[in-house]
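The same subunit A turns up in both complexes below, where it pairs with subunit B and then with subunit C.
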Partner chain A sequence: MKNFEFIKAPDVKAALALLDKEKDNAYLVAGSTNAMVDIRAGKVNDRTLIGIRDIEALSGIKFSRGKITIGAGTTISEIAESSLLAKKAPVLFQAANQFADPTTRNSATIGGNIANASPAADTAPPLLALKAEVVIAKKGSKRRVAMEDFFLGVNKTVLEKDELILAIEFSANPHSAFYKVGLRNAMAISVVTAAASVRKDKDGNITDVAIALGSVAPKPVRAFNAEKAVLGKKADEKTIADLMKAVSKDISPIDDVRASAEYRKDIAPVIVKRVFCKACGICPNEGRTK
Partner chain B sequence: MSKHDITLNVNGKKYELTVNSNELLLNVLRDKLFLTGSKYGCGIAECGACTILKDDESYFACMVPAVAADGWNITTVEGLADGDKLNPVQQAFIDNSAIQCGFCVPGMVVTSTALLRENPDPDEDFVKDYLRGNFCRCTGYVAMVKSVLDAASKMKEAK
Partner chain C sequence: MSVIGKNTPRIDGPAKVSGKQQYASDIIIPGMMYAVTLRSPYPHAEILSIDTSEAEAMGAVCLTYEDIIPVIYNERSVSVPAATYRDRTVLPKKARHIGEPIAAVAADTEELAYKAMQALKVEYKVLDAVYEPEEAMKDGAPQLYDKIYFGDEEVIVKNNIGVVRNIDEGDSVGGFARADRIFEEDFELPRIYHCQLETKGCVAAPDTEGGITVWATAQSIHGNRQLLAQTLGLPLSKVNVKKITLGGGFGSSIQVNTVTPICAALAMKARRPVKLLSAREEDFYSHHKYPSKFHVRIGVTNDGVITAAHVKALIDFGAHQIQPMSFMGCVAGWFASLYKYEGNIKFDGVAVYTNKTPCCAMQGYGNPQINFAIESMVDIICNEMGFDPIQFRLKNYRGTGEEFWGQGPTIRSIIKSCGVEESLVEGSKLMEEWATRGKPEDKHGDILTGVGLARGFHCSGTAGPKEGEVIDYSSALVKVNEDGSIDCVTPVMDHGGGTWDALAKILTEVFKVPLNMVGLSPADTKNTGYDVCTHATRGVYCGGAAVYNAAVKCRDKLLEFAGRVMDEHPCHLEIVENEELGQGFIQVKGFPQKGRTIGEVAKIAQINSWGTAMYAESFRQKNCPPCFTTHFVKVAVNTRTGEITIPKVVIYGDCGVAMNPDLLYGQLIGSFNRGLGYVLYENLPHDERTGKLKNNGLLVDYKMPTAVEMPKAENVIVRHAHTYEPTGPFGAKGIGEAALASVQAAIANAIYNATGIRFTKLPITPEIMLKALQEKGLAHK
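Showing the complex of A and B:
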């Protein structure tokens, strides 16, 4: 086995103190589903791993006054089994239910998923579509970062070396949906993912919308052009056509082992349409209420 | 590299152990406790041969530093039977001839046990989906899925 130190932090305070002390040498591990793979690949040699998986204060899903707070150490299993999220944030619930396999889900955490910042991280588009905020702490201070400012590039985030994600917060939105295209149904890294959330007034005009995509750029991205194409409009055929046209301006996909850039450019508008229509509660093919 | 004193509860027995910081739970189970039922297949969560239970939930022992498992309540495939009486999944694997080389079977059986604890009344799709992280290179899975459904119905009858 590769060489590493391992210290199990009993609580958040201890974890922050360890991060402060170890600085550059520190490496947080929650479920270790990314960490072990990186260790075996020799990317994390001689570091001090700070284990946070059993810290109770970091885990759990809370709902109060329309706001949902998910502890960073909450596992994908807990999210996939949450009846609260199924109702109030289906976009995230659906993503968790397509994530890896049940055993990996028991370990994998939502905090680890976004901190690892893979362009294919499955919880990222849902959290972008929910306009979530990341609550981050270091010894002696706390800050909040909007999800859309959190990712900087492939495996890069705004997190400093001594910082820990405490939680992720967002407003509930039942009108939200997720779609994942993988190479096969099971255990597949995403080829393209899309997530959307909408709010409508009583006349059916879209008053608020957020659309996000995964695996189409160096980081999970908001589709601002696509959003602009539908904001203030009714979800009719013309709006949906405009939406699909706009998506290409939001993405910069590459060729990789899983798919070509061209394929991604072709399917991104189609799955954006799907999640948008699902979030609006309409049938994607006909553009009218079911 | 430092040494750590940890406690593991494995198959109902308490073990006080001293482990290196970079030792993995799977190696401790196999090389220190001689519980060699859990297999080393890939080491990176891809195959499921090392699956164990922590309480009622499945984990890949190859992915857990031993120190991180300090205090865990673990069941390995060796701990599933009650004396000589196999658990319903183990018995169903035999009854349905779901075993060829056998390498994947401990992981398969442990994951299936977690499955039935989570959902005692699964349908075929649920079983196929649940076992997606456990690879078998011999059987083609059909007899295994049948075994889990068989175990579920036997458990229902027994109630």
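Showing the complex of A and C:
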């Protein structure tokens, strides 16, 4: 019913060449789980789809010297099943396991998830909490962008028309956790998500922390005020209370079909508390009943 | 071994799981065109002109209001014509809701049809729209209609009031006067969407004799045929609607779907086969469940007797009447039949036109709505007056020997089988937490748990000892083949709940043959007698009874042949099972020494030119037995986020003899899931500025619960009551719609037990829950 061209790129070089040639007309497709929706909505008419799903070099999870590299074409399923990530970056592992449903996870890629730049993208808060870097290439050059600088707004990123995400890189951190609230437990766009990673010294003081939230602002955000409230402190009751108070300064939620801004403001501190406590390895004195 | 009451694999299972089952959308005919509808972007607008020239230049065939026969009809033909309001045509001169089909085009490819549709030029005169019934009834509100028809009579519409229905029985004034306490409450239930798997579609193929053959998403092939003949101006004998598997209904195709007459008219105009399928986004604007507002008053004595009840109903039914008249009659009937009220009941219903999607039946036809109100009221009464909720119900409910209104005030029969007591008493034991549930004020912590109870029912069909407002009968032809296998031709539809399996089982029991020796033949409107529709939980009880009746008469004919073969009087013969022979065996009663297989008898009858043992007839049930359900639900409310989960549920169903217990359990569990959606998730709010659905017809913003929102499998406890319906085929009644009736109130009552908060408006989303907890000072951080 809709018109477009489709070219499958055999390798990264071919993909970059095609991007260079097609420029504004190019539309990359990896797992196509966002692309199909766009096609249906008539947003892709007369464009050239460049298929990168089968490019082997874009896929896989590697670990070396404390650094984890995930190819942009790695599927959410691969992440959700990775025992390496379960141990070294539970925050991302957990997010992948709450992502959509198994069939969608089989197609959806991590590169597509961040490139699409939905405020509700489930892998974005974990990657922000892990202080990841995005490795980007175009014909003839490469660059690295900090996750924090990657998102510009709703469906907007720093990616140029002719650029391709190659991979995402970050340092392992077993002390990290993710939590998602959606309108149901599967196949739901998130209402609020939160991710946290912490490092502590031997006395239990927090020496490094990153907290991020999804669906509470035009783009996935770091919660700098919340981080400040806990940095250098012990994860005790007072710190947690301060943390919850600070969260409201980090977010600017809106009303949408899924939830009101007010509800998001009400639950964001609760969710942040949960992930922070989980990352610190302490029981948040509250749990799900299921 | 009899297969009645046994679990047997679904006959259509392999075809369905392997994707080989054919639905209307799978029909492909050489030379077929594809059609697309143009749908109104305005909630209310006059259509001044439609310019089709550009689309036609592209090779498309176009259909507008100028091409159709302006028959004014109601697409739901279940009620008798004299009790039916009519207000619509195949295509309108005036759009009355967003998404209403305005015109249609057919072309060689779907893509071309789509482009041609975009090339249609419509001149609209946009009118003010009205969305809320209270607003619509005000003087000066935008008027959807000037006049409509009731039966053959012209009716002037005032203040958008479509139907007023008042019912007054007994002496409610006296009943309330006798009450020691009177309880009063308002309830509100949202618009929701059927979300049946198969979106509405149709394939229509004109033939060379001026007739047409149609495959449509339908719950009644005869209903479709009648309307198509009318709107195409053809004799019924020239319209053939084929029975084909339906991909789920929930009531969405009780009426003839809007796209069906459009598709047929396009095909006739194009003189070529045409396929018209609805996209999900279009289907979302096609039909909804009736949103309902009730004001309920109930009088009770200090010793726990309900003395009177009064329900006022306000129904927003959208832009067309698909029978709010019978809907309100049914609501009154469900309400009247739940408890005895000493016979003093009053119902005042008003149903109002609004510029929204038309509402039609959806699992329960008002029953889940009014049940939520009454069963919540019963909980309020028990809590306030200190009655035991089970004893109070047992004291007041309508059971065996009492009158049941099966389909509004005109269809009444006596209840002859009833599992209410068993369900309440045994159910409360299975839900161990029931006894220890405590009171809301005693509960503490950030997760509050509670247990709730509600009971309900639905009718099994709409027949009764006397004819009433509704048509109810079915037809079947049964014949015995020369090898002892059985054919049956019947127009009865299956929504996916297993009706056809049940029909096959009824045949096996009459002829004592194994399941693989019976087959349902392809059927259509030309080779079958009338069947009203598979609705009102009537498939097995009424459709099955028609098959049973024809089968028994066919068997009598076969025994007559057997008498001739065996030199015996037929009254001395019986059919018994014979596993070794793999078919029914006719013997002298009690004496297997003298006998023949039914196949041998049929063969000899054929060779001797006596004829085929066959029988065709239509049959009406003379009762409308209620099928009962009871739900005990445990909830857990998270006081930090407002999230509500269901750790456990006990479901009791009473369908008489269960033809296939697994399928019964599937209905009960599936319906619990749907109820969960109705109470906690689903709603279809409209944007007041544009008249659009806020989800834009997209599933992504219409969340229904999935399997993971259900309690763990081991905590879904399902039982069926030990009852036998004497008037049903082999003791069976229905279950489908009953399975939803009491889910809503049970969950809401459990939430009350957990939190002390009484919700009288659905849905109860986490956001609404959290707000209520905050207002009560129960929210945690």
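The rule is short, and it goes like this: the second predicted complex is superposed on the first by the 285 of 290 C-alpha atoms of A that agree within 3 Å, B and C clash if a C-alpha of one lies under 4 Å from a C-alpha of the other, contacts with A are read in each partner's own complex, and residues count from 1 in each chain.
The working rule: a residue touches a chain if its C-beta (ideal position, glycine included) is under 8 Å from a C-beta of that chain, and two chains touch if they have at least 3 such contacts.
Only a predicted model underlies this, so the values are computations on that prediction, with no experimental measurement involved.
S.K.: After lining up the shared chain so the two structures overlap, which partner does A:112 touch, if you call subunit B first and subunit C second: first, second, both or neither?
M.R.: Neither partner.
S.K.: According to the stated criteria, A:49 is in contact with first (subunit B), second (subunit C), both, or neither; which is it?
M.R.: Touch partner of A:49: subunit B, not subunit C.
S.K.: Is A:267 touching the first partner subunit B, the second partner subunit C, both, or neither of them?
M.R.: second
S.K.: A:126 in the overlay: touching subunit B, subunit C, both, or neither? Say first, second, both or neither.
M.R.: neither
S.K.: Quick one: classify A:258 as touching subunit B (first), subunit C (second), both or neither.
M.R.: It touches subunit C, and subunit B stays clear.
S.K.: Could you look at A:220 and tell me whether it touches subunit B, subunit C, both or neither (first, second, both, neither)?
M.R.: A:220 contacts neither subunit B nor subunit C.
S.K.: With the two structures laid over each other on chain A, which partner does A:5 touch: subunit B (first), subunit C (second), both, or neither?
M.R.: Touch partner of A:5: subunit B, not subunit C.
S.K.: One more residue to check, A:71. First (subunit B), second (subunit C), both or neither?
M.R.: Touch status of A:71: no partner.
S.K.: In the overlay, answer first, second, both or neither for which of subunit B and subunit C A:189 touches.
M.R.: Touch partner of A:189: subunit C, not subunit B.
S.K.: Considering only the contact definition stated at the top, list the common interface residues of subunit A for subunit B and subunit C.
M.R.: Dual-contact residues (subunit A): 1, 101, 185-187.
S.K.: Flag every residue of subunit B that touches subunit A in the complex, lowest number first.
M.R.: Against subunit A, the touching part of subunit B is residues 1-2, 4, 21-24, 27, 43-45, 48, 51, 57-60, 62-65, 67-68, 70-71, 111, 114-115, 129-130, 132-134.
S.K.: Name, in rising order, each residue of subunit C that touches subunit A in their complex.
M.R.: Going through subunit C, the ones touching subunit A are 110-111, 114, 446-447, 449, 636, 638, 640-643, 645, 647, 681, 694-695, 700-701, 703-706, 708-709, 765-767, 770-771, 774, 779-781.
S.K.: Over in the complex, which subunit A residues touch subunit B? Could you list them?
M.R.: 1-8, 29, 32-33, 36-37, 40, 49, 51, 53-54, 77, 100-104, 106-107, 185-187
S.K.: In their complex, what parts of subunit A are in touch with subunit C?
M.R.: Within the complex, subunit A touches subunit C at residues 1, 101, 181, 183-189, 244, 257-260, 263, 266-267, 269-271, 286-290.
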